[in-house]
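One chain, chain A, appears in both complexes that follow, with chain B as partner in the first and chain C in the second.
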Partner chain A sequence: MKSETLFLKNTQTFAEAMVRCGVRYHFAYPITPATEVMKHTAVILPEYGGRMVQMESELAVANALAGCACTGTLGATSTSGPGMALMQESISFMAAGELPCIMLDAMRVGPGDGDIVGAQSNYFQATRGGGHGDYRVIVLAPASGQEIVDLMPDAVKLAYTYRTPVLFVIDGVTCTMTESAIFPEAHDYAAGFDTSSWAYTGTADHEKRFLLTGSYTHSQGEEMNERLRAKFERIKEKEQRWESIQTEDAEVVLVGFGIHGRMGQDLVANMRAQGKKVGLIRPITLWPFPDKAFEQLPESLKSVLVVEMNHGQMLDDVRLAVNGRVPVHFLGKTGGDMPLCTLADMTAQINTLL
Partner chain B sequence: MRTKCTFSGSGGQGSALLAKLVCQGAIKQGLKVVMTQTYGIEQRGGDSTGYVIVSDNFIGNPLVENDADISVALSPSIYDGCVDGAVEGGIVLVNSSLITEMREREGVKQVPISASDMAVELGSVKCANIVMLGAALAATNMLEFETVEQVLRETLGAKKPALLEMNLNALERGRTVYASAAE
Partner chain C sequence: MQELAKIYGDTLLLDKKFNYCPGCGHGVVTRLVAEAIEELGIRQRTVSVVGIGCGGFSHHYMDIDAIEAMHGRSPAVAIGYKTASPDKIVYTYQGDGDCSAIGLAELLHGANRGLPVTCFMINNNLFGMTGGQMSPATLENQVTATTPKGRDVHVHGYPLRVPEMMADMVGAKYVAREAVCDAKSIRKAAKSVRNALQCQIQGLGFSFVEFIVPCPTGLKLSVPDAYKWSREKMVEYFKPQVFKNEVGQNNEN
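Moving on, here comes the complex of A and B:
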């Protein structure tokens, strides 16, 4: 598939991007606002020699995904908060078994069944592991259709380099937004990784392998956790991603991911045009959280404002990163016809802090 | 330049198509464009709104947050929302065939256009949205008129050639009627 510009709903952009980057098996169960990803892959995957498989439940989806990953083949799933909750046992298993895959959480209002409108309510679930045990998955938070496309090759490379699930989190408002994105020429990034040393593909060409995610001795449990800990440390050191805009002389820095980070770009431009010294830090990886973005905060900084489509989740990570140097304020909402803070809301709050 | 649009109507009146045609025109002219839908579940209630932002640079804020430069109100049920959702200095195109009672809002220019009646004269009430599209293009500088004509030819020309001429006439009718109606 050649390079081209497409005007798509961002859920469809996600589907196109993952297939063009090497995903050949997409396991899914319908849920608003993620359903359009599977509708799209059902149509396009056969053209690439792959399949979308609608399973009977989210539990079946997650187990199919784990099984697919065991063979070294790149699989994916897409769901929303309630579906993510049901998948957590298998995600914990994949983290322990060091199995690569791509996942999308098209976030909507929770807890419980919540509401179908967009939200960023699953930050904790995404970044704290979600399932049981001492593990993390890499979490990516694109802010536009173009960034979904741009991050997808990296997502596949991260999944295989570190042999880990990689989770995209995108709020439902961004998911259902339609905009253009430039897709580069299709390339199977998974094919570039040699999985022969670990994939479970039968014993025709290698000795029998065991996938142990538990322990027969207490020391095995400790060894597994030490191995994972060392890997998570490497990821934290090497893979933090963020965008900083005009923080060098800022008096207030806005911190937002996804849609609020994107809106922050307009906010900074508007406020700078009025001579107001406002900057932006937009985390792109939510785990590892970009602590490094907060290492060199300017002397001029008076306070930080975190804006989220929830009641304060990334806020905790920002407070840890700022570590008491300046006050960290919060603005957020979830649910309703307009389920996020508007640019006017954000501007008004920043003005009280300047 | 950035233009924020609200295209609103009842289900079947084609407000979503109207929004899509503007998007396609913007892409054709190499502009940035974002389309969002009605945010809540009221879209189940029968009303449909397409929000479109056309810009010559990156669109950070994708929301039309009660600051629409141009609104199209096709049916009475969404009229109040269009008037309240306009920016100071904005324009609301009112389908006066169906919206018989208008209310004043200072700083917002409301232009009554009997789009449904004109559409019937042109061949089908279904092209009322295209009449409004022609008027919206005349009311703003967001797109070249010829670009949208070309989009209509490409989208309708292949699938429904019989409807193409009617829609091109509707587009032109909207453009000419805006100038006289806006006086």
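Moving on, here comes the complex of A and C:
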């Protein structure tokens, strides 16, 4: 597939991007607003020699994805909040079993069934995990269709380099937005990774191996955890990503991801045009959280404002990163006909802090 | 061991220490599965997806790759595996708790989907590994660790017959219930294991075999009494039979 510009809903962009980067099997179960992804892969995957497989539940989806990953083949899934809740068991399993895959949580309002309108209600679930034990998965938060496309090759590389699920979390507002994205020439990034040292493909070319996430001795459980911890530390050191805009002399820094991070880009431009010293930190990896972005806060900084489409989740990580150097304020909402803070809301709040 | 390998082939790992309790029916079924894999010449392309419970040990006695899945999810894992690697032979090895309690949805949808994977359900009619609690297959009035006065069907429902639910599913091509309570039933069970795997090799569709096995430890009976109990009580309710056989060859049942 040649390079081309497409005008798509961002859920479709996600489907196109992952297939063009090497995903061949997509396991899914219908749920708003993630359904658009599986509708799209059902059409395009056969053209790539792959298949969308609709399962009977998100439990089955996530476990089929694990089975696919055991062969060394790149698989993916896409879902929204309640479906993500059902997948937690298998995400913990895949993290423990070091199985690479691509996942999307098209975030909607929670808790419970919640609502189908967009939200950022699963920051905790994505970065802390609802599954069992001490595990982490890499969490990416693109803020536009183009950024979905741009991050996808890295997502596949991260999944195989670290042998881990890579989870995209995209607020439902960004997911349901239709916009242009430039797709580079299709390339199977998964094919570049040799999985023969670990994939469970039968004993024709290797000694018996088996995937064990449990333990037969207490020391085995400890060893697995130590091995995983060392890997998580490497990821934390090497893979933090964020966008900083004009933080060098800022008096107030806005912190937002996804749609609020994107709005922050406009907000900084607007307020700087009025001579107001506002900067932006937009986390792109939510785990590892970009602590490094907060290491060099300027002397001029008076406070930080976190804006989210929830009641304060990333806020905890920002407070840990700021570590009491300046006050950290919060603006957020979830649900409703306008399920996000407007630029006017954010501007008004910042004006009170300057 | 070298000499034994000449007789038994490469699949069974004969020097592996046994984890099953004395008299456990798993030992018989594990050996039947290993012998069928050996006989069909599929060892190097076979992958076992085992459940949580005593059946999880089964792959350790075989020279094949294996995946130890989360409790009840083996059929879904097997389907994902088979989707990505259709040339491999994938079978699940699960207990009655794994299959018919926590994993019933994955099992039945797996059967209905009809992808050529094989599920073996080893029914010892209780949760063995956790110490003999009631499972869906526990008989009416049977005393277990969690039914101290016997299974009250008005509270806990009736013993669940699993292959009967699959018999009408178009995607399921070989469906059987066997017992391993005596020599005769073991010989029949061996045939069903071969047929189920043959069904997959031929790409016909889903195959399933339930095995009625004794669990002397869980039943708190001596080994002979546990076999007698399974042969009489279990087999009376869970009748061994081939429900469906669309396998072209080895159609001996």
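Operating definition for what follows: the second predicted complex is superposed on the first by the 354 of 354 C-alpha atoms of A that agree within 3 Å, B and C clash if a C-alpha of one lies under 4 Å from a C-alpha of the other, contacts with A are read in each partner's own complex, and residues count from 1 in each chain.
FYI, a contact is a pair of C-beta atoms (placed from the backbone, for glycine too) under 8 Å apart; a residue touches a chain by one contact, two chains touch by 3 or more.
Quick caveat: nothing in here was measured; it's all calculated off a predicted structure.
Undergrad: Assess the superposed three-chain arrangement around chain A: do chain B and chain C clash, or do they fit?
TA: Overlaying the two complexes on chain A (C-alpha atoms) leaves chain C and chain B fitting together cleanly.
Undergrad: In the overlaid three-chain picture, which partner chain does A:M314 touch, first (chain B) or second (chain C), both, or neither?
TA: Touch partners of A:M314: none, neither chain B nor chain C.
Undergrad: Mind computing the angle chain B to chain A to chain C from the CA centres, in steps of 10 degrees?
TA: About 120 degrees between chain B and chain C, seen from chain A.
Undergrad: Please indicate which partner A:L331 is in contact with in the superposed arrangement: first for chain B, second for chain C, both, or neither.
TA: Neither partner.
Undergrad: Look at A:M271 in the shared chain and tell me whether it touches chain B only, chain C only, both, or neither; answer first, second, both or neither.
TA: A:M271: touches no partner chain.
Undergrad: Quick check for you: in the superposed arrangement, does A:Y25 touch first (chain B), second (chain C), both or neither?
TA: A:Y25: touches chain C, not chain B.
Undergrad: Which partner does A:A344 reach: the first (chain B), the second (chain C), both, or neither?
TA: first
Undergrad: Please work out whether A:F7 is in contact with chain B alone, chain C alone, both, or neither, and reply first, second, both or neither.
TA: In the superposed model, A:F7 contacts chain B only, not chain C.
Undergrad: Report the partner of chain A that touches more of its residues: chain B or chain C.
TA: C
Undergrad: Quick check on the superposed pair: does A:S180 touch chain B, chain C, both, or neither? Answer first, second, both or neither.
TA: first
Undergrad: Considering only C-alpha atoms, give the closest distance between chain B and chain C in the superposition, rounded to the nearest Å.
TA: Checking C-alpha atoms only, chain B sits 32 Å from chain C at its nearest point.
Undergrad: In the complex formed with chain A, which residues of chain B make contact?
TA: 23-24, 27, 32-37, 39-42, 58-63, 65
Undergrad: Could you please specify the touching residues of chain A with respect to chain B in the complex?
TA: Residues in contact with chain B: 5, 7, 115-118, 173-174, 176-180, 259, 262-267, 269, 336-340, 342-344.
Undergrad: Where on chain C does chain A make contact in their complex?
TA: The contact residues of chain C facing chain A are 43-47, 49, 52, 59, 63-70, 73, 76-85, 88, 105-106, 109.
Undergrad: So in the complex, the part of chain A that touches chain C is made up of which residues?
TA: 24-25, 27, 51, 53, 55-57, 59-61, 63-71, 73, 75, 89-90, 93, 200-204, 208-214
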